[in-house]
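Shared between the two complexes below is chain A, which pairs with chain B and chain C, respectively.
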Partner chain A sequence: MSTVVSASTPSPVAKVSAKPDIGAIVKFVAVLIIALVVISPLFLLFVASLKPDRFQILADMGSFRAFWVSEPSLQNFTDIATFSGALPFGRYLVNSLIILFCTVLGGVFLNSMAAFVLAWGRLPGRAVVLTALIGLYIVPQESIVLPLLSLVNKVGLGDSFAAQILPWMASPLYIFLIYQFFIQVPRDIYDAATVDGASPFRIYWSVFLPLSLPVLATVAILLGIETWNQYLWPLMVTQTDYARPISVGIASFFGHDSVYWNSAMAASVMMMVPVLIFYLAFQKWFVSSFISSAVKG
Partner chain B sequence: MPRRKPPIWGGRLQELGMLLPACILIALFLLLPFLSSFEIALTNQRLIPRPVPVRFVGLGNFQQILTDSAFWTALWNVTRFTVMVLPIQCGFALAIALLLNQKLPFRNFFRGLFFLPAITSMVVVCVIWSTLFQYPTGPFNQIVGFLSFGLVSPIDWLGDPTWAMPSIVLLSAWQAYGFQMIVYLAGLQNIPETLYEAAELDGANAWQRFWNVTMPSLRQTHIFVLIITTIQAFKLFTQVNILTQGGPRGTTDTLVHYMFTAGFVDQRLGLASAVAILLFLIVLVVSLVQRFVVRDRR
Partner chain C sequence: MSATLGNRLLKSLGAASALSIAVGAGLSGAQAAELKVMFQGDPYEITIITDVAKRFEAANPGTTVQLINTPHDAYNEKIGAAVSAGSLPDILQLDAPFLANYVWSGFLQPVGNLLDKALVDDMTASNVAQGTYPIDKALYAIGLTDSTVALYGSRKQLEELKIRIPTSVEDAWTRDEFEAALKTLSTAPGVKWPLDLFRSYGSKTEWITYAYEPILVSMGCDVIDRTSWKATGTLDGKACVDAATEMQNWVKQGWVVPQSAGQNQFYAEGRPAALAWGGHWFYAEANAKMGDDVVVMPLPKFGEKGVSPNGTWIWSVAKTASDPAAAGKFLSFMLQDPAYRDAYKAHAGFPGLKSFAAASPLYADKGAMAVAFEQAGKTAVARPPHPAYPTITLAFQNAMTNIFDGADPQAELSKAAKKIDDDILDNDGYQPFGKAE
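Now for the complex of A and B:
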């Protein structure tokens, strides 16, 4: 909002003059240098993933050759794609995508449905449910994972996709975020729909969902990043490669005597690329999502 | 009021059908484990049940934790981590936010760039930084050697008890500052321009404007950022689990790592649940402090 305001106010004459002042240039160069230094580790990763020789990667790290690859090769990536590397990373990546897709789709749907009933439903006891949800929001995931693991093992869900999808689909935070959006929808819109005799689900589906794309995108982005980066839970719940996500796969490189740096680098790039594509496409949405999670959470 | 009779019962059943799926999942996978952790913490239950019946041990688990020096080390480490990471991470985030809040060419591009580490998975961050920390020829050792003209010998960053925690701090701050940065940016954009104009009329220089306009206006943002960073810091696990396994000599052991080792590695579910409850209490207290401080000033 404020950027719009500041853009429309006439700027001081000095700043419109053709000659940019020296201070502005210095500032720009400073920001550029800081940005390059801060982002250089990510750049190193992408460069290193194109070097198939893992000893060369380590040898190059200590010099400026770390920023340069003379003979770029996709060998590491083809190894992963054809399952011929040290670990089945192709499989881990597919697993992660399956878990991501199911969690985000189910999460957006279930959370928004519940939020709609809490905001506009006539069901008795809604206030109690809402208070309970807000109270539960404070419980950190780390505090419940061990009892949850024991529970999941007891019902035979251990080492499954379901165990990685079902527990994190519905979430008090996201229900609350969508709820806050829904209660700001003008009453007239809801009333108009009820006069037409539409059922609650119909009102939700054809009136409220289309209205709430911004908040649904926010939830999808936050839940997506969270799911993609899950580590502690899949580390405990997956015992085989069957449902293991890529985060745990990459981490299993550590602790061996020789780390396969080339595969680890390529796998890391593959883990970053999907996020990066979405981020580049929806950068504004990403930033506003994180802000709304902060302000309301 | 419309005369038309809405299908009340059908409508309510449908509402129930819409509300229940999410509530059942939360009850099963959040509320139930949370409540059962209080019960489990009073027993000697194992992760994989043994033929021996589970015994009620009262507060024995808590007693055992509170007399275990490894637990106090973990708590101390997490405190140390928090105290180090708070100023570095939040200070850097504020500095970048201040820079990016000014008129600057390609400002949005820079904002996007500076936010990149925040969307990078911690596992990927560990892969990158473990190469940066390589002993003895990694980039950090090269830089240290270069700056000291070779006087300082290479440091085993993650393997040296003195340096392991500071290294984890640096890596964690780099990964996470982006979030605090955008919160600060949002806070900075809410400061009315007129305040700065008034300060300028009063002859305040840039330094005075920062301390007398910017900092006081950011008060709520500061509180929020400090609280959320503290809570995050107390949950430190992934980096430590991947890079140091709590070592060397327990100097990077954390609460969650202690809990993970007790419950998952050693299979002592009862003991781990007791740690989980203590972690919850710490998070609860920090959150309550925030509510209290924020409400106090409103």
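Now for the complex of A and C:
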């Protein structure tokens, strides 16, 4: 109790030395300026999405008018937020959310299972598998797109949600990330669960998963952002609006004659909002996980 | 035991295979009239193509049209992927200069006999040129529209500065007049850059070859010799180096809108750019902001004659099309559909059919874009119709970007010419285009 009181009560010394701290003010102003610079493109995006005239958006670029809208209008959003028609952005958004949800859920499950087996399973040649797994990480997506497309078409998964979800759920990076977390769990915990008669899956599910929520959140966020921003693969594999995500849909506004900045800006805002909510929801886990993995205990 | 199990498994698999083949055959029979159409375009084009497909389906019960709309920027990559994956659609839209490559690669079939004869007869000369494969002279693609580039200015500004406004292809500015105009405009109040070459479209876009190659041709050279199909000695020859050096000089003088300045400098407040070297589509943008002050002029004559580009996105039928007759029927229906034409007319579509031109007041005599239409008929030179075109254009794009950024024109054009010739050599001359060495 007394500790709380003393901590919350300013000391007399602090009162006496309460002068303007020039250094702190300079730092604050510097941080504020950097923050404004960083935020300005997002702000510009939002402001431009409220200008219905695409020519005006272009004409305003290059001056401070780009950050100001005299008569804000939601027309761009109402124009594109449709579920049917030539460019059904409502549908694209829902498609993206479905793909995001399934990929993240399946990805977290698959990657953590693989990591558990690698960390605690009786796997012959584990070191080789682990090395090969890390080696896979350097293979760029672009280099496997064509063979993968051929495979997907052969098994009849072209233009489907499955084609956009299944190939990207498992990832060497995330398996390795979770693996690193799992191997730090004390052996006693694993042994105690084994003595209690728990099966390997039970140990994974009931003991290791609850312990690893921060790293799972990190994987969920990274995989989520990666999935949300996917462009090349969905572009190649989708044929119709059935499973087309919003990232591919937005590219339709960059035509060969002109760029439809008003629609593109509104669609970009629509695309940004869910991922922003997703990030904010997991932010605490995200930061804490990175801190815990960065600081060696 | 295991042998019995194995036999049963084999029988089951055999039965399943037979069933799937039967079902597959039945399905393919039932879906024989399904047309897959791959296309790109601006949002308004996507809407009108979607609508015309619905009207076609209503007029042809039993036939379904599956539209594969692909964003413009990644369209050629999508075609490449479709070919690799064996999933080329029945009908595909393509960029005209890539036609030779696609026909040479065996992707396309002639469409002359698949289309309504009246439609083929209605094509303008430049439209026929953009859809014709030079080896067999057959028509492989058709479009409602074609394209060109013109020079845009402000009538008021040019008149105030006493700069002559050319009104026909014959009295287009000469090289000296053009440079004198740039010099005068560079000192005019409010003018930051006398000329917008639309570098903001990007450093790796077809715009560079499409819009700048005519300057080279007008100055007496080309990106490749169209008889010997060799770039070395042509693209890096004196005439081309002079042309590139001159264009570089415009940039060095500070006369050209830089890439970072965006696409609106011609009609932004204060009009920082005085002239715009823009596609026919740019008229609608400029007119929306500047009204009748926009004046459309022919491209200058840098040498003995003026040269302008042509070629746009046109429609073709894949060699693997399941029902070529139905594909031809769809294209004939679409290109003659009144609502389809009206939508293109409303967006200043550049006429590729005579009947469409007659119904387009913008391009008719005394129309604001009449000089652009006249130019297409008199000075249009198609980009090289050669299978190596994807390499040709990429090499030229890189060279011009580097030259604009200050690199040595001779070195850059020599590098580009070698790259083009190497590609042709690697493909044994793309026979029958060239003689293999």
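To be clear about the criterion, the second predicted complex is superposed on the first by the 231 of 297 C-alpha atoms of A that agree within 3 Å, B and C clash if a C-alpha of one lies under 4 Å from a C-alpha of the other, contacts with A are read in each partner's own complex, and residues count from 1 in each chain.
Everything below uses one rule, namely that contacts are C-beta pairs under 8 Å (C-beta built on N, C-alpha and C of every residue); 3 or more make two chains touch, one makes a residue touch a chain.
Keep in mind that what you see is a predicted model, and the values were worked out from it rather than measured.
Q: Look at A:146 in the shared chain and tell me whether it touches chain B only, chain C only, both, or neither; answer first, second, both or neither.
A: both
Q: Figure out whether A:236 sits in contact with chain B (first) or chain C (second), or with both, or with neither.
A: Once the two structures are laid over each other on A, A:236 reaches both partners.
Q: State whether A:263 touches chain B only (first), chain C only (second), both chains, or neither.
A: second
Q: Of chain B and chain C, which one touches more residues of chain A?
A: The partner with more contacted residues on chain A is B.
Q: Taking the superposition on A as described, I'd like to know which of chain B and chain C A:58 touches: first, second, both or neither.
A: Both chain B and chain C are touched by A:58.
Q: Looking at the overlay, what does A:251 touch: chain B (first), chain C (second), both, or neither?
A: In the superposed model, A:251 contacts both chain B and chain C.
Q: I'd like to know which partner A:197 touches here: chain B for first, chain C for second, both or neither.
A: first
Q: Contacts for A:121 in the overlay, against chain B (first) and chain C (second): which applies, first, second, both or neither?
A: first
Q: Mind working out whether A:166 is in touch with chain B, chain C, both or neither, as first, second, both or neither?
A: After superposition on chain A, A:166 lies in contact with chain B alone.
Q: Which positions of chain A sit in both the chain B and the chain C interface?
A: 58-59, 61-63, 145-146, 149-150, 153, 232, 235-236, 248, 251, 253-255, 259
Q: Given the complex with chain A, which residues does chain B contribute to the contact?
A: Going through chain B, the ones touching chain A are 2, 4, 6-8, 10-12, 14-19, 21-23, 25-26, 29-34, 36-37, 40, 45, 47-48, 96, 99-100, 102-105, 108, 110-124, 126-132, 134, 137-139, 141-142, 174, 179, 182-183, 186, 189-190, 193, 224, 228, 231, 235, 237-238, 241-243, 245, 256, 259-260, 263-264, 269, 272-273, 276-277, 279-280, 283-284, 287.
Q: In their shared complex, at which residues does chain A touch chain B?
A: 1-3, 5-6, 9, 15, 24, 27-28, 30-31, 34-35, 38-39, 41-42, 44-45, 48, 57-59, 61-63, 66, 110-111, 113-114, 116-118, 121-123, 129, 133, 136, 138-140, 142-151, 153, 166-172, 175, 194-195, 197, 199-201, 204, 225, 228-229, 231-232, 235-236, 247-248, 250-251, 253-255, 259, 261, 264-265, 268, 271-272, 275-276, 279, 283, 286-287, 290-291, 294-295
Q: Which chain A residues qualify as touching chain C in the complex?
A: So the residues of chain A touching chain C come out as 55, 58-59, 61-63, 85-87, 145-146, 149-150, 153, 158, 232, 235-236, 239-240, 248, 251-260, 263.
Q: For a test of understanding, state which residues of chain C touch chain A in their complex under the given definition.
A: 36, 40-43, 45-47, 49-51, 66-74, 77-78, 81, 84-87, 261-264, 267-269, 279, 281, 285, 288-289, 313, 347
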